[in-house]
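Next, two complexes with subunit A in common: one pairs it with subunit B, the other with subunit C.
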Partner chain A sequence: MKIGYGHMGTLTMVVELLLEELGHEPVVPHRPTRQTLALGAKYAPEFACIPFKIVLGTYLECLERGADTLLSGGGYGPCRAGMYGEVHGRILRDLGYNPQVIFLFPPLIKPYHFFKKVSLLKGRCSWFHLARAIRKAWTKLTFLDQMELLSQTKRPRELTRGATSKAFERGLTYLHQAKSLNEIIEAGHAALAELDQVPVDPAADPLKVGIIGEIYVQLEPFANHYIEETLGHLGVEVRRSIYLTSYTRHDVLSTKGDMSSRSLAMPYLNQKIGGHGQNSVGDVIRYAKLGYNGVVQLAPFSCIPEIVAKSLMPYLSKKYGIPVLTLFIDEQTGPTGIQTRLEAFVDLMEQRRAQTREGARMQTGSAV
Partner chain B sequence: MDVYLGVDVGSVSTNLVLIDRDNRVLAFEYLRTRGQPIQAVQEGLKLLEQKMPSGAVVAGVGTTGSARTLAGVVVGADTVKNEITAHAVAAGLVVPGVQTVLELGGQDSKIIILRHGVVIDFAMNTICAAGTGSFLDHQAARLGIPIEEFGTLALRARNPVHIAGRCSVFAESDMIHKQQIGHPIEDIIAGLCDALVRNYLNNVGKGKEILPPVVFQGGVAANVGIKAAFEKALQMEVHVPPHHLVMGALGAAYLAQSAVAKKGATNFRGFSVSDFDYQTSTFECKGCPNICEIVNISLDGTLLARWGSRCGKWEHLEEQQ
Partner chain C sequence: MGMPRALFYYTYYPLWKAFVEALGAEAVSSGPTNKETLDAGIRETVNDACIPIKLYHGHVLDLKDRVDYLFVPRLVSPGGSYTYCPKFLGLPDMIRHAGMELPPLIDTRLNLRGLPGGLNRFLRATAAALDFRNPFTQARAMRHALKQYALYQELLLGGLHPQRVFEALERGASLEELKGEALAAPPDRPAEEGLRVALLGYPYIVFDPFVSADVYHRLKHMGAAVLTTEQVPASAMRRMSRVLPQNCFWHYSNRVCWAALYYIERKAVDGIIHLTAYACGPDAMVDKILELEAKKAKLPYLTLTIDEHTGTGGVQTRIEAFVDMLQARQEKRLKEAAS
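Moving on to the complex of A and B:
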């Protein structure tokens, strides 16, 4: 099968590897561009959220490049993302394409369905071969997560602006070329070494910001206007509430979701409301407890779970003493507006930190 | 005497302020940007130069507003700051202890919450420009009322009508409807002021704890009708500072003073920049699928700055030339 799929950050090359291992021909999606979004927005319902539009645009680009099958992670309610695969399929059929569409549902929610779809993808490969392919993919994914974490630490400290991003891109090419398990491990270490060599200012004292919110706008840099890079260049060390390896462990394989953020959210929002709404509530509290200087909530415009979470933010921000900036993103969102808000948010956090430190200094001073 | 220059280039207006070491406003200029930020800055500098006190030397310059980067290159800024921080700084200077800043500009509106002199929260309008200066301008022009008298008329209203203020286009339809059925113009204008304030508080001000002292600034603060509507809705006094029009520039000037204190000397190109011939050009980089729009700023044929690329490859001028 010639399989196309949505582009979501570093996951893209891992899916490529898996499909190749199973004997398919992956039609690897390009990084989304303004044209991708324009294409998606043209054929999507106006009030669909931005992940829907970008993914639709990507599907269309894959189909143009010869894909006959589309692969997508399916969701389950109550967030409408659960219906997105179906709606995508119908829109594409209306446009005269006739791809086979494969949705993978979370294995523990619909085990039989999942088994059937996996068997379809597995084709004539043995289960042993599949297990080996998954192991390779998982190894790659783990390295990619480590690279992202290291680049997030390095970026606000780098001496030459952009050096970290360049090293990260080089690391991606190493990992992309690596196909066997040994090659992947070797390339992964080489990529991490590449990032490690980026010269940093040892005296740098970056602010720490947690990025929370809906998964697609967190993981796809194009969707969030490269927020990690923007904040990094403003001297901020970021962490995301979602990394693919932890997401797979907590959200895909367990039906209970991420236990820690879920239990933290419980007193304020005691049920899953779809998407990452409940996670966002818990994540703010977690970052506050970890002593972060602020939180940026990323939400696709019109995303109900994130709107519900946002309505709790003023209360949580006050109660836990952590500034929260919510950014709603749609195809009309301009990079300038995001830049202005992020700059102001960084100023706000810097002032707060200076004030807290001043207060602490005064206190120890008077004690002496 | 050392003076500090602040330049705020917004979507609608370009403001310049000169302050002394004690943050007193010595002179200011308020011009329309008319979509030509460079020319507006040059014209403003020319006018401001004539108001310079004798013996004054510009010891620092800061820029802010949506064209802050561009303006920064043109004047040689010591600090380039976003307009949210600049407005907060200015409000804190003018009204010490300020806890809430309401700002209504040409096409944007913001709210800034401060506690103990530090910004703790802010919001800016995102998808809606209803309630900003441009809309009021448009309505004043449609009704044939000079914008300066718009507010005073609103204060004369006996029974403000209810106007749907959620969307500027529908607000206009609603106003026309109210006119057609015979409501007096004062009541409609007052109703519009109420609607805009309601929309602002429900949108930008949603979830924000508005505590006094409240400072109202930006171009729209000149409108006494809107000020009265805010006071009615918030049930508290709203201060409009004397230089409410140019608060962003004032904040930038103040920030320039601290920036220069840190680094020692100013990068100000001098008032003569108003006679320089700046050119801008743009092109699409086809190096990757991002297709960034790159902007070039040059002075007499020499490239001064370039931005817009995501990867930064166009921003190192030495390598390009």
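Moving on to the complex of A and C:
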């Protein structure tokens, strides 16, 4: 099968590896561009969220390049993403394409459905071969997450602006070329070493910001207008609430979700509301307790769970004393608008930090 | 106990009112939606929320100084694998943290998934929250309320507008009296006699005359018979739930899809109007599904999106044009049939 799929950050490379291992011909999606989004927005319902539109645009591009099957996945309600396979399929059929759509639901919620779809993907390969492929993919994913974490730490401290991003890109090409398990491990270490060699300013004292919100706009840099890079260059060390390995553990291979943040959210939102709504509430509290300087909530425009979460933000922000910036993203959002708001937010956090430090110094002074 | 006149009010009000009154408390509704309710709601609500949620906040504000308790239940699941919209799931939390000065909230959880008897447990929990703990009183109130609820559903099935029922209830009339009116409403007429339009959408939009610009009655004045989701029998809904390859997750959205499929299958309507709120999450999916199904059945289809700024003029023009087009189609068909 020639399989096309959506582009979502570093996951793209891992899916490519898996499909190749299973003997398929992956039609690897290009990084989304404004054309991709325009194409998707043209055929998508007006109020579908931006992940829907970007992915639809990517599918259309993949189909033009000869894909006959589309692979995707999502939760089983109440977030809309679980409907996307069905609705994408309908829209594409209406446009005259006839792709086979393989949409994976979480294995523990729809076990039989999942088994059937995996068997379909597996084709004639043995289960042992599948297990080996998954092991390779997991190793790659682990390295990619480590690289992201390291680059997030390095970027606000780098001496030459953009050096970290360049090293990160080089690391990605190393990992992309690695096919066997040994090669992957070697390439992963080489990529990490490459990032490690980026010269840093030892005296730098970056602000710390947690990025929370919906998964697609967190993970796909095109969707969030390269917010990690932008914040990094403004001298901010970012951490995301979602990394792919932890996401797989908490949300794919379990039905519970990330209990560390969900249990924090319980006193304020005692109900799973789909997507990452409850996580967003819990993550704000978690980052406040960890002493972060601020939180950026990312969500696609009209995302229901994140709107519910946002309605609690003013209260939480006041109660836990942490500034929260909510960015709702749609196809009209421009990079300049985001840049301006982030700059203002960074200024605000810097002032707050200076004030609290001043206050602390005064207090110790008067105590003496 | 105060009940805001928004969202699930249109589905459950007679049930809750009968229950609360049989217990010995008083049920107070907020007034009908008007400009003030809407403006107050817009002020209090997070700006990305949809208009029905903003209205709910507005109705809460309208009630808050007149009642001892506010009834803001958390509707989780109507049974099966379905849920309500995530905003319904988080509604009590949104209301609580919106920064309004409020009387105590009663936020009982309605979850009909899993063990049977969920509705009974929900009602008992509500009674307990109001401090009516006598199980016999509870049981009696429950029996009475469920009877009223069945009657209400029957009236809706007969094509009665919920506002008519609410007015009667406020007058103190019993639902029995309205029964004649419901039956007098025309049942399925053959297609040759006048136009029939399916007006599909969530009951809290379709039946709210202010926010929907009263599309329902406008259509009636133009001489069209209006069919809504409430006129589809429950058995038909169940049958339609097996038609689509994948249903939606949300109760009200499913009802819209299934009603559309039902009317399409029965060839019961000449056109479909989908009434939706601006930036409604589930409706983005529902609208596309309906559009493609209507296209397949070669039925005219109109999406009417309403928001805070919808003017009655714009709505009037659009439905007039739609009805004119339907009439032209019907005349052409009749002419062809005659020749």
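In the analysis below, the second predicted complex is superposed on the first by the 368 of 368 C-alpha atoms of A that agree within 3 Å, B and C clash if a C-alpha of one lies under 4 Å from a C-alpha of the other, contacts with A are read in each partner's own complex, and residues count from 1 in each chain.
By our rule, contacts are C-beta pairs under 8 Å (C-beta built on N, C-alpha and C of every residue); 3 or more make two chains touch, one makes a residue touch a chain.
No experiment lies behind these values; they were computed from the predicted model shown.
*Asks:* Does subunit B (first) or subunit C (second) touch A:98, or do both, or does neither?
*Replies:* Neither partner.
*Asks:* So, A:317: does it touch subunit B (first), subunit C (second), both, or neither?
*Replies:* first
*Asks:* Which partner does A:277 contact after superposing on A: first (subunit B), second (subunit C), both, neither?
*Replies:* Second partner only.
*Asks:* Taking the superposition as given, does A:352 touch the first partner, subunit B, the second, subunit C, both, or neither?
*Replies:* First partner only.
*Asks:* Is A:31 in contact with subunit B, with subunit C, with both, or with neither (first, second, both, neither)?
*Replies:* First partner only.
*Asks:* A:197 in the overlay: touching subunit B, subunit C, both, or neither? Say first, second, both or neither.
*Replies:* Touch partners of A:197: none, neither subunit B nor subunit C.
*Asks:* If you stack the two complexes on chain A, which partner ends up touching A:332: first (subunit B), second (subunit C), both, or neither?
*Replies:* First partner only, subunit B.
*Asks:* Once the shared chain is lined up, is A:173 touching subunit B (first), subunit C (second), both, or neither of them?
*Replies:* A:173: touches no partner chain.
*Asks:* Could you tell me which stretches of subunit A are touched by subunit B in one complex and by subunit C in the other?
*Replies:* The overlap between the subunit B and subunit C interfaces on subunit A comprises residues 301, 311, 314, 328.
*Asks:* Which part of subunit B faces subunit A closely enough to touch in the complex?
*Replies:* Touching subunit A from subunit B are residues 66, 81-85, 116, 118-122, 124, 126-127, 207-209, 289-291, 310-312.
*Asks:* Give every residue of subunit A touching subunit B within the complex, in rising order.
*Replies:* Listed in rising order, the residues of subunit A that touch subunit B are 30-31, 33-35, 161-162, 165, 226, 301, 311, 313-314, 317-318, 323, 328, 330, 332-333, 336-337, 339-341, 343-345, 347-348, 351-352, 355.
*Asks:* Residues of subunit C touching subunit A in their complex?
*Replies:* Contacts found on subunit C: 45-46, 48-49, 74, 76, 81-87, 89-90, 93-94, 97-99, 109, 245-246, 248-250, 278-285, 287-289, 292, 295.
*Asks:* Can you list the residues on subunit A that touch subunit C in the complex?
*Replies:* Where subunit A meets subunit C, its residues are 45-49, 52, 76-80, 82-83, 85-87, 90-91, 94, 268-275, 277, 301-305, 307-308, 310-312, 314-315, 328.
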